[in-house]
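Next come two complexes, and both contain chain A; in the first it sits with chain B, in the second with chain C.
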Partner chain A sequence: MFVLTKKIKIFSLALIILGLFGIAFGFYSAPSTIEEAKEIIANSHHGDDHASNHDYPVEAHSSLIESSKEHNSEHSEGHEMSHDEHVFHQLANRPWAAVYVAAFFFFMISLGTLAFYAIQRAAQAGWSPLLFRVMEGITGYLLPGGIIVLVILLLSALHFNHLFIWMDPEVVEHDKIIKAKSGYLNVPFFLARGVFYLAGWSLYRYFSRKFSIAQDNSSDISNHVKNFKLSAGFLAFFIVTESMMSWDWIMSIDPHWFSTLFGWYVFASMVVSAITVIAIMIIFLKSLGYLEKVNHNHLHDLAKFMFGFSVFWAYLWFSQFMLIWYANIPEEVTYFITRLEDYQIPFFGMLVMNFILPFLILINSDFKRLNWIIVTAGIIILIGHYMDVFNMIMPSAVGDQWSFGIPELGSVMFFAGLFIYIVFDSLTKAPLEATGDPLNKESEKFVY
Partner chain B sequence: MASHYEAPIRKPLVTGNKTYHQISVDVAKPIEGKANKQWWIVFSISLVLFMWGVGCMIYTISTGIGVWGLNKTVGWAWDITNFVWWIGIGHAGTLISAVLLLFRQKWRMGINRSAEAMTIFSVMQAGLFPLIHMGRPWLAYWVLPIPNQFGSLWVNFNSPLLWDVFAISTYLTVSLVFWWTGLLPDFAMIRDRAVKPFQKKIYSLVSFGWSGRAKDWQRFEEISLVLAGLATPLVLSVHTIVSFDFATSVIPGWHTTIFPPYFVAGAIFSGFAMVNTLLIVMRKVCNLEDYITLQHIELMNIVIMITGSIVGCAYITELFIAWYSGVEYEQYAFLNRATGPYWWAYWAMMTCNVFSPQLMWFKKLRTSIIFSFIISIVVNIGMWFERFVIIVTSLHRDYLPSSWTMFSPSFVDIGIFIGTIGFFFVLFLLYARTFPVIAQAEVKTILKSSGDNYKKMRDKNGK
Partner chain C sequence: MANKFLHAIYDDDDKLLDAVKFLKKEGVYIEDVFTPFPVHGLDKALGLEPTRISIAGFIYGCIGFAFAIFMMNYIMIVDWPQNIGGKPSFSFIENMPAFVPIMFELTVFFSAHLMVITFYLRSRLWPFKEAENPIPETTDDKFLVQIPVSDNEKELKSKVKKTDIFKIDIVENKDE
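The block that comes next holds the complex of A and B.
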């Protein structure tokens, strides 16, 4: 049995508290009126060139989307006014978006682990049963993390922020495109869907964990078989709900934009982050003296998955980017124009961290068996995929008013602390080895 | 490679109390024996179809593409449909030989040889279509960027069609090398058993002097892994680039970002269906039920179910996003597919590809050989319709309603397609008579871990 050490407790609590300060600072320094927003822009030392850069995406947006143009001319005194209001919304969104990006990122790690776990179960994999309990520990964060994400969505629906502009009836009223989508993009249906996804995933997590523990002391393999069937069913549920979740929770932040690949792209990001966390957790637990049966053969396999899914992520990234760039259709290409204009560092940085570096570091087969290499590559991958989520959410939420400062760092620290605490706490609740699993011995004897 | 221990709950992959020698005898039997009557009947039919196809090709090339059913609006129809269909079928072979090797799936050993043969033969069929469509196939080498003095002639690197040339030729090369590497020890086995000098000569030529020393085996294992690593991205890249042929355009129904992974899933889906079609017949005819067991068929059915579900998920995504996009052209393209004049093709595709594989959730059905065979045919039909639906329904009603029209294939279109099916079976039947259709050397490596007699022995001795 794993025992939660004082060090982990203090470390995670410290992260939570420091993170809370950061988040509080973010909300405190965000403007609450348009005047304040103007002041912030004026005070920022590079304010001038910001303002000139700035016109482009806003104008591109309004010229592309007729309806919002109508909105501008009808409802505001002129461009200047609506521009200030726009900047105000972006600045006010920033602390919310910072929290949302971090909340989603850690939630996604847990969800990705759940999917990876279900794949291991459904595929009757022989190498991984020794890692089951670690994966179950990580999915312990699924429900709390998911509830936090849902609460943020609920607060958006209650107009505490403007992350989802389609939730604003004023906007919908004057935007033909969003109006046409209101059959799907409306608050009650949106929230109900969110609850439905999370309920489905959590139910699977609950039962598979239950069967997994029951199998430990059981004389037959009925629990194993139940878990196999349940996992196959879950994967069918997951393939649909995961895509829908991505459309709802991320793609709809930019309600005019659409891409059919989006759901699978998010999945790639999710699963590679999840496998990375599993690998790092195992190295950490082994360093504390646990999991003595897990050896570098298992880590080698995890590192292969880190490598493989990094390439897979790059493949999907390229497919989505290249097709949109090549076809150059206005309603699609705006998405990448915003990112290429205003997010160059995170956009290209993410490509380096999520593809080039993992590819070069992990391609060597001996390297995949070295703990420090796996941890180094893992940290790069995790930062890279945080940046990926950042790139997916920020441009639509805060436009070019983005920055990576105290609110963002605080949010990451807060959720990292919460994640670490909950995950290690759920590890204490069951033995670290799923001894009763009929494939466990295969995992023990596994040699690559 | 993988561990030799196997959990008792795993089903045996070689049945019938085989010994190493018995495996050699079983695999060599179809090669050493004489072809029976049925083989000659099927071979003759295939050859006639092939010859009919050759006639249609000669007619096309000597007269012009005008003999096809194409018109101004639908400028691409059966040719590209057949091309994509055949390329897709090829994917299962590479997936089984490369991806399943990396995933240490022992059940691949029984089926990889024939799946890879199928890959190579189907890529050959696929290659015929662009070649014929060129009109002047003797100038086919112009698709290569060869420094030349033809004038201003140079390939267009911006075109996904050119990327296709590179992708598919790489794919064919790697698949061929992979296939042949695996064949070396098996050809050597046939060579060592051969009695007649002519056969001995031929098999010693094709086995490249395989000696069976430890060094040979060590290199064999190493090269297999390297080739698997190279072939795995190829499984994804080939059909990805085929999908780019459509998705880089701005045609509603063609330009959609999900195309690359969805085409790959569809390709594996149709490929496994074809493997099932071929192997269900072959295991019976060549008495290989002990090597291609019900467990193999069940696992292939599960792959069909999974990839079919992925494809189904992509169909629904496309449909939903078409509505969600708010782009009326996009919306119309999908409305037209489902309810327009080609509704029957769309619903044939939906039934065959989305609904029918879901039946595999039932263990009774996926372990029924006759049902598996029927579904494998259904899926092949469905995947042909999928390409037809994507290609023709997106083209036949374009932006200009005055040019809306229908497509009907001419007898030449049909003849060439049937001819490639004939050609494919001619090759496959010849293969089945002259090649070791089971990778016997690889099967021998799993005999002691997964053979039923050894499993029973372990159970008796308490593992």
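The block that comes next holds the complex of A and C.
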């Protein structure tokens, strides 16, 4: 049995408290009126690099914000006024978007782990049963993390922020495109869908965990068989709901834009971060003296998955990018123009961190067995995929008013602390080895 | 060179693997093993050096990647710039996304084909080459361990008999 050490407790609580301060600072420093926003912009004009983007002609700017209500409803009053209000909304959105990015990122890790776990169960994989309890521990964060994301969505629906502009009835009124989508994109249906997804995933997690623990002391393999059937069913449910979740929770922040492989793209990000976290957790637990039966053969397989899914992510990212870049249709290409103009560092940085570096570091077979290489590559991948989520959400939420400062760092620390605490806490609730699993022996003997 | 061989024939890959491990432990020199399919873990049991084909594959991939860049630059930018879909080809970097699929394909193409050719050369295989395996059953369902015999025939036989054997043959090499 794993025992939650004091060090982990203190570390995670410290992260949570520091993170809370960061988040609070973010909300405190966000402007509450247009005048305050103007002041912030005026002050930052000098030192700040990307604030110089304000010298852009307003026309070019407004092509990116065509959906905002100011642009449509107050057209006659000129762009100057609408521009200020727009910047105000972006600045006011920043702490919310910072929290949302971090909340979604850590939730996504646990959801990806759940999917990976279900794949192992449904495939009746022989190598992984020794890792099941670690994966179950990580999915312990699924329900709390998912509830936090849903609460943020609910607060958006109650107009505490402007993350989802389609939730504003006035915007929809003046926007033909969003109006046409309102049969799907409306607040009650949106929230109901969110609850439905999370309920489905959590139910699978609950029953699978129950069967997994029941199998430990059982004389037959009936629990294993039940888990197998349940996992296969869950995967079918998951791939549909995951895709819809990515449209709802991320793509709809930019309600004019759409991409048909967005669900896969988010999934690739999700599963590679999840496998990375599993690998890092195993290395950490082994360093504490647990999981003595897990050896470098298992880590080698995880590292292969890290490598493979990094390439898979790059493939999907490029498939999405190239078609839009080549076709150059205005309504599609704005998505990448925003990112290429205002988000150069995170945009190209994430390509390097999510594809080029993992590819070069993990391509060597022997390197995949070295703990420090896996941890190094893992940290790069995790930061890279945080940047990926950042790139998905921030440009539509805060536009060129982004930066990575105290609100963002605070949010990451808060959710990292929460994640670490909940995950390690749920690890203590069951033996770290699924001894009753019929494939456990095979996993012990597994040689790459 | 020894021209007398002991052929230990097995009918299962697990039996073969156990036997090879046992014989290695007994200090028997195994010259070669013939199997109908690659047996997982056999190379480690025989103590063979790890393969270097993956390093060669990486280098071939780099060559393919570089070749693709050179080729696309020459064809589309230098030699005959074309305006495709409103994207005039006057600059490589601006048109790079369109060339990525070609770079990818040529990397895979070079890597795969040159690796196969390297493997054939290294294994001394070419078209119409006569088979080297001592008995044709090793292409069907039998596994053969070839052990050179000098004057220790009896000792070898008794050791090999301790394994889960299907058949033992003593063969004189007629070529030499």
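Here, the second predicted complex is superposed on the first by the 417 of 448 C-alpha atoms of A that agree within 3 Å, B and C clash if a C-alpha of one lies under 4 Å from a C-alpha of the other, contacts with A are read in each partner's own complex, and residues count from 1 in each chain.
Criterion: a contact is a pair of C-beta atoms (placed from the backbone, for glycine too) under 8 Å apart; a residue touches a chain by one contact, two chains touch by 3 or more.
A quick note: this is a predicted structure, and the numbers were derived from the prediction, not measured.
For the composite obtained by overlaying on chain A, chain B and chain C cannot both be accommodated without a clash. Touched residues of chain A, counted separately for chain B and chain C, are more numerous for B. Of the two partner chains placed by the overlay, chain B and chain C both lie in contact with A:447.
In the superposition on chain A, A:431 makes contact with neither chain B nor chain C. In the superposed model, A:169 lies in contact with neither chain B nor chain C.
In the superposition on chain A, no contact is made by A:330 with either chain B or chain C.
Clashing C-alpha atoms between chain C and chain B turn up only in stretch 131-139, chosen from 23-31, 77-85 or 131-139, once the structures are aligned on chain A. 322, 326-327, 447 are the residues of chain A that lie in the contact sets of both chain B and chain C, per the superposition on chain A.
Within the complex, the chain A residues that touch chain C are 318, 321-322, 325-328, 363-365, 447. Here chain B touches chain A in the complex through residues 1-3, 5-10, 102, 104, 233, 236, 240, 244, 247-250, 255-261, 309-310, 313-314, 316-318, 321, 324-327, going by the rule given at the top. For chain A in complex with chain B, the touching residues are 124, 126-127, 176-177, 180-181, 184, 221, 236, 239-240, 243, 247, 256, 258-264, 304, 311, 315-316, 319-320, 322-324, 326-327, 329, 331, 438-439, 441-442, 445-448. Those residues of chain C lying in contact with chain A across their complex are 41, 54, 58, 85-87, 97-98, 100-101.
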